[in-house]
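Have a look at this one before I ask anything.
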Amino acid sequence: MSSEFGKILKVSIFGQSHGEGIGVVINGLPPGETLDLDAIDAFMRRRAPGRSPLSTPRQEADKPEFIAGLLGNVTCGAPLCALIRNRDTRSGDYEQLRDVPRPGHADYPATIRYKGAQDLRGGGHFSGRLTAPLCIAGAICLQLLAKRGIFIGAHIAAVADIDDDPLPEQDLNEEFLQRISTKSFAVINDAAGEKMQQAILAAANDEDSVGGIIECCAINFPAGIGNPMYEGLDNRLAQAIFGIPAIKGLEFGSGFAGSRLRGSANNDPWILQDGKVRTTSNHHGGILGGLSSGMPLVYRVAVKPTPSIAKTQQSVSLSRQENTPLSIKGRHDPCIVPRAIPCLEAVTAIVLLDLLLEQ
Amino acid sequence: MSSEFGKILKVSIFGQSHGEGIGVVINGLPPGETLDLDAIDAFMRRRAPGRSPLSTPRQEADKPEFIAGLLGNVTCGAPLCALIRNRDTRSGDYEQLRDVPRPGHADYPATIRYKGAQDLRGGGHFSGRLTAPLCIAGAICLQLLAKRGIFIGAHIAAVADIDDDPLPEQDLNEEFLQRISTKSFAVINDAAGEKMQQAILAAANDEDSVGGIIECCAINFPAGIGNPMYEGLDNRLAQAIFGIPAIKGLEFGSGFAGSRLRGSANNDPWILQDGKVRTTSNHHGGILGGLSSGMPLVYRVAVKPTPSIAKTQQSVSLSRQENTPLSIKGRHDPCIVPRAIPCLEAVTAIVLLDLLLEQ
Amino acid sequence: MSSEFGKILKVSIFGQSHGEGIGVVINGLPPGETLDLDAIDAFMRRRAPGRSPLSTPRQEADKPEFIAGLLGNVTCGAPLCALIRNRDTRSGDYEQLRDVPRPGHADYPATIRYKGAQDLRGGGHFSGRLTAPLCIAGAICLQLLAKRGIFIGAHIAAVADIDDDPLPEQDLNEEFLQRISTKSFAVINDAAGEKMQQAILAAANDEDSVGGIIECCAINFPAGIGNPMYEGLDNRLAQAIFGIPAIKGLEFGSGFAGSRLRGSANNDPWILQDGKVRTTSNHHGGILGGLSSGMPLVYRVAVKPTPSIAKTQQSVSLSRQENTPLSIKGRHDPCIVPRAIPCLEAVTAIVLLDLLLEQ
Amino acid sequence: MSSEFGKILKVSIFGQSHGEGIGVVINGLPPGETLDLDAIDAFMRRRAPGRSPLSTPRQEADKPEFIAGLLGNVTCGAPLCALIRNRDTRSGDYEQLRDVPRPGHADYPATIRYKGAQDLRGGGHFSGRLTAPLCIAGAICLQLLAKRGIFIGAHIAAVADIDDDPLPEQDLNEEFLQRISTKSFAVINDAAGEKMQQAILAAANDEDSVGGIIECCAINFPAGIGNPMYEGLDNRLAQAIFGIPAIKGLEFGSGFAGSRLRGSANNDPWILQDGKVRTTSNHHGGILGGLSSGMPLVYRVAVKPTPSIAKTQQSVSLSRQENTPLSIKGRHDPCIVPRAIPCLEAVTAIVLLDLLLEQ
């Protein structure tokens, strides 16, 4: 197991959902960078649970304590370690899962992988809670990127069968990205957002859940960053993005829709605009041959409906070797999409900064 | 740049499309494995160009010479190196590209990344031709997996707007996968395949190209292989798959369609079947929490339409700093999807074997 | 910067000497291993300061808190994180060092490397104090190796110009290694040890310091573990061992002395002994071609005299750009050799377990 | 097995001594660097066998063919691959070794590691012949370093019990290093060199061999390059250096001798000299805390006497499970030290360039 990614900037996540704490170690941060610790806290609150009827009622402040890597609020070049203590844990909820694996969860394969020794409480190390330390790392990288003029934002492109408006091809600027992604419900079209929230509540009422699609975007990332083949911008993003629980699909630019087009329609013509080389459209999503093109980086991810649902489901008892119904107790998000938004911004920021530092 | 992937089994690709040769170095192959060299050659022919009116007329035998790592046809534990000499190169075709970048290609970002020193001939190191050494590595890994009872196959799920039948949920066996994936046009539904080929030829006649979707599947991969977070089965596959040129999207199991479902519909119930723990459906595509579930691994990739088209396109002259039309000469595939089938089988085989060896 | 080593078992160290805390994250520990936490504490006390007139009077309990990776005292397969809070810190001692670098320390190159932003207090991340989290990781690995029959011990082979007796070629067993290495002063010949301690105290009285040599040994490590070339047993040990501050030399088996011999004298003849293949001598130190031979692993390291001495030394003022005398305040070990013993056992245990897990 | 090292600049070695060929793949070379291919050939000749009565009579031109990574003689940014065909192979010499392992060689542990499938001919992948591709990589890196003002040289510090003069502390300049290291017998004191050569010939006459010590030096490497703990200048060098067969010891600066000194004698005082921060002595060998100090990098390695000797030795028959005498046939160097000189320069150049590129 290696819960780590990155090459120059290495992010290593530790912790279990209901253990003592969760945290992150970051190797390779540039020294001498002044961090806005309040902005990190604010970013963490965007992911934190218990803030809305749409999310789990578990209460966690998720305020990181910085153990190492800072002198005051300045990076000192040593590995940064940030720690979050777990507080509102109710471990009794989870004991039956050692015998009866939940559909859509890693319980069964983890039992084989870890010979039954894994921490099942709250999903253990597999829990979405582990995206909190990821967001600490991301919040730091977002600040370092912003100083270099690079901005990242994301919106809820779909929940269930309701779609948000697409990202505008023009006017993708810092202000727009900031405004959309920090909304309490991060959509471009608020009427669509209203319907999405109703769909989430309806699912919750039915003891069920819904999934959705998130679209993420980075602007002003310079051209020519990345590598061909296996260490490219897309490869590195893909490896890291599938580390966020519930992500089951990823497409860059026109993605699956683009595979239906002809080359003449999907190719993005080059033009000179104000002395800069750009493309007139962005079907390539800012990546060509593993390298950044200088156009906005745009990708979409498919988020599966939360597998933890209260509704009775079919499973097996591993000890009795028989089929058995399962009702999952515990507190869960009926839709994880809104809280996944900052996670995708985080992972994108980490990968982009890592690639920038590699050049 | 690092044109390498894998952890225990490391695959390192070298070469440029019109250079002296292309090849692969593989570290970490188990010792004492007898290889069927004829089967490797047969696998290579599935990817080789010049075999059909649907592909580039460039003639390359693509028969690997084994420089190291074998004693006779048995792996000796030392790094394996296989080399393919380039033969049918026409480098004069490519000189204008140093000034006028092709839409949909990496020419422009590569010029920045490599300060203009990159080998542009035939796409250089960015060329799809570099999937030939990948296929050597894949052909070897496929044989090692087959000895362990694991089989991989893929089919053309779509070309342009024409869809093949989906993979059957039942009866996914070695014989079926083998039969479909080695067809001269790898579809389940031959009538659909006929239409796809017409669409490809129509695009070619229009000096244009089409893209498509490939679905790949692995069976009998044991449960509990992989890791949570960033070194999981999905993460490793994703990193490697986006190393194949023209791949712009990837989804596991129900993927983007699954994100539209409710949890109760997308979750796969566990059951006991003949004493084995299985799921009654496979929306999770064989992966849960980065670990294999024991169900078939199923994923789909979006292949963009070949960016090299004869049709005149819009570009810029970097030297003259002005917009300019571009007509691309050279020999190109009007649709890369059929030849990408063995590449995806190859990359899947490498990642699966690497993860098996890691346990 | 990457304060991490290992391949399957990855050990990542964080912290600064006078920061909030120091700690370690370990990825890749086998699941289901029961740890003896008291034995870990006992091992930590062997390295801890303030226990003897030979070491710094700084008082640190160095008792690790386990944040993640355990369920009770059993490894759960998730990354293990252990934390030690710093307590007895006196940061005021160190401020002048930002301007006047200490001879024999990394102050000056670190100022260039980190643009002056590094944490200088107590040596920051460069401090020998960072071997405490290394010892946590080592104590765990020693337990896992002991369960597999493999034992590691070390002794003080020399302090200044006084030599201990050499390790016996025969009778290198668990009991012997355990007895020697856990002595309060870890020598085979106690009379020599007495002289060494006098030499240390004499140096301390002179506001000076002494260095020495440590010999480390592992028994029962099976033959055939490791790799040729750059990932071998010697390569991995060497990379990790030079991570312990003050180590300036390393030799395996007969080492430098062996380079003076003829091949016929330095070669170790193979014999069958009780049905096992062994060598009659061990000039090769248990390593041949990067692989373990099945004979005891034996190496020696040179530990430089502690560079921090109270005696006035010559240095420069970086701000005033002039030569200046320097008197170092703070609390320091007049000889680091005794406290380095468990550090070498720790690093050896980590590397051996990592290589065992890789096979 | 991973016959690879480096982080940004990755060097991967392949081949067996008597296989089709040997070679190297280098990822991460800067693009646009013009190489002097004749200088590479000249460097290769310094390592090549068959040039003197002191070395094996095996005749190998060792002229590399560049398969990839160059356009003409300019690096294009793609992985560089260079290949050397093996020519003068006599494989029949080695067959008995599958049963009777040679003392001082990896035959026995390799048989366990590779289940008997390893290529034994000429030592296979364990052969010193694999330093030829290392030297190709090193020759390239030496050129790139020289353009940046950094020069590397080495001399034979000892053969058997005869010592060369030490490196001068002053006047270590490019001209001196170049002159010494390219001598046909690379010593500072030619009278000592004469005695060394007599000792080598005497050993050869006795069907025996001798070892020695090599001292290597790099000048003008800037201060502040490297990392604390496990990715430092010393750690990286150590990992790579022990990849050269027959190296059994390594010490930086005053090394083992320094461990006998007091801190006040071993510390190197800082001074300002011509406006530059330097030390008045160089016991630290140019490395402090894993970082370069700006002073010359100086290290010494212990080279064991060639284990292949014609003299009859004691071994075992693995098949018959009995002790048996062994006479080794084949062609061998009575002393490998002279031919190891360029290998150490090579490995040093690779590590230094890698660290420079990482900053």
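Order of writing sets the chain letters: A, B, C and D. Residues in each chain are counted from 1.
One rule holds in what follows: contacts are C-beta pairs under 8 Å (C-beta built on N, C-alpha and C of every residue); 3 or more make two chains touch, one makes a residue touch a chain.
The structure displayed is predicted, hence computed values, not measured ones.
Across the assembly, the mean Cα position most removed from that of subunit C is the one of B.
Taking C-D and A-C together, the pair of chains sharing more C-beta contacts is C-D. Mean C-alpha positions place subunit A and subunit D at a centre distance of 46 Å. Separation between the centroids of subunit C and subunit D, computed from CA atoms only, is 26 Å. Chain centres here are Cα averages; for subunit A and subunit C they lie 39 Å apart. Touching of two or more other chains is recorded for residues 1-4, 13, 78, 110, 113, 125, 228 of subunit A.
Of all residues in subunit B, only 1-4, 10, 12-16, 19-23, 25, 27-28, 31-32, 65-69, 71, 74-81, 83, 110, 113-119, 124-125 touch subunit D in the complex they form. The touching residues of subunit A, when paired with subunit B in their complex, are 1-5, 13, 101, 103-106, 108-113, 125-126, 130, 158, 160-161, 203, 206, 208-213, 223-232, 234-236, 238-243, 245, 248-256, 258-272, 275, 277, 279-280, 283-285, 288-294, 302-309, 311, 313-316, 318, 321-323.
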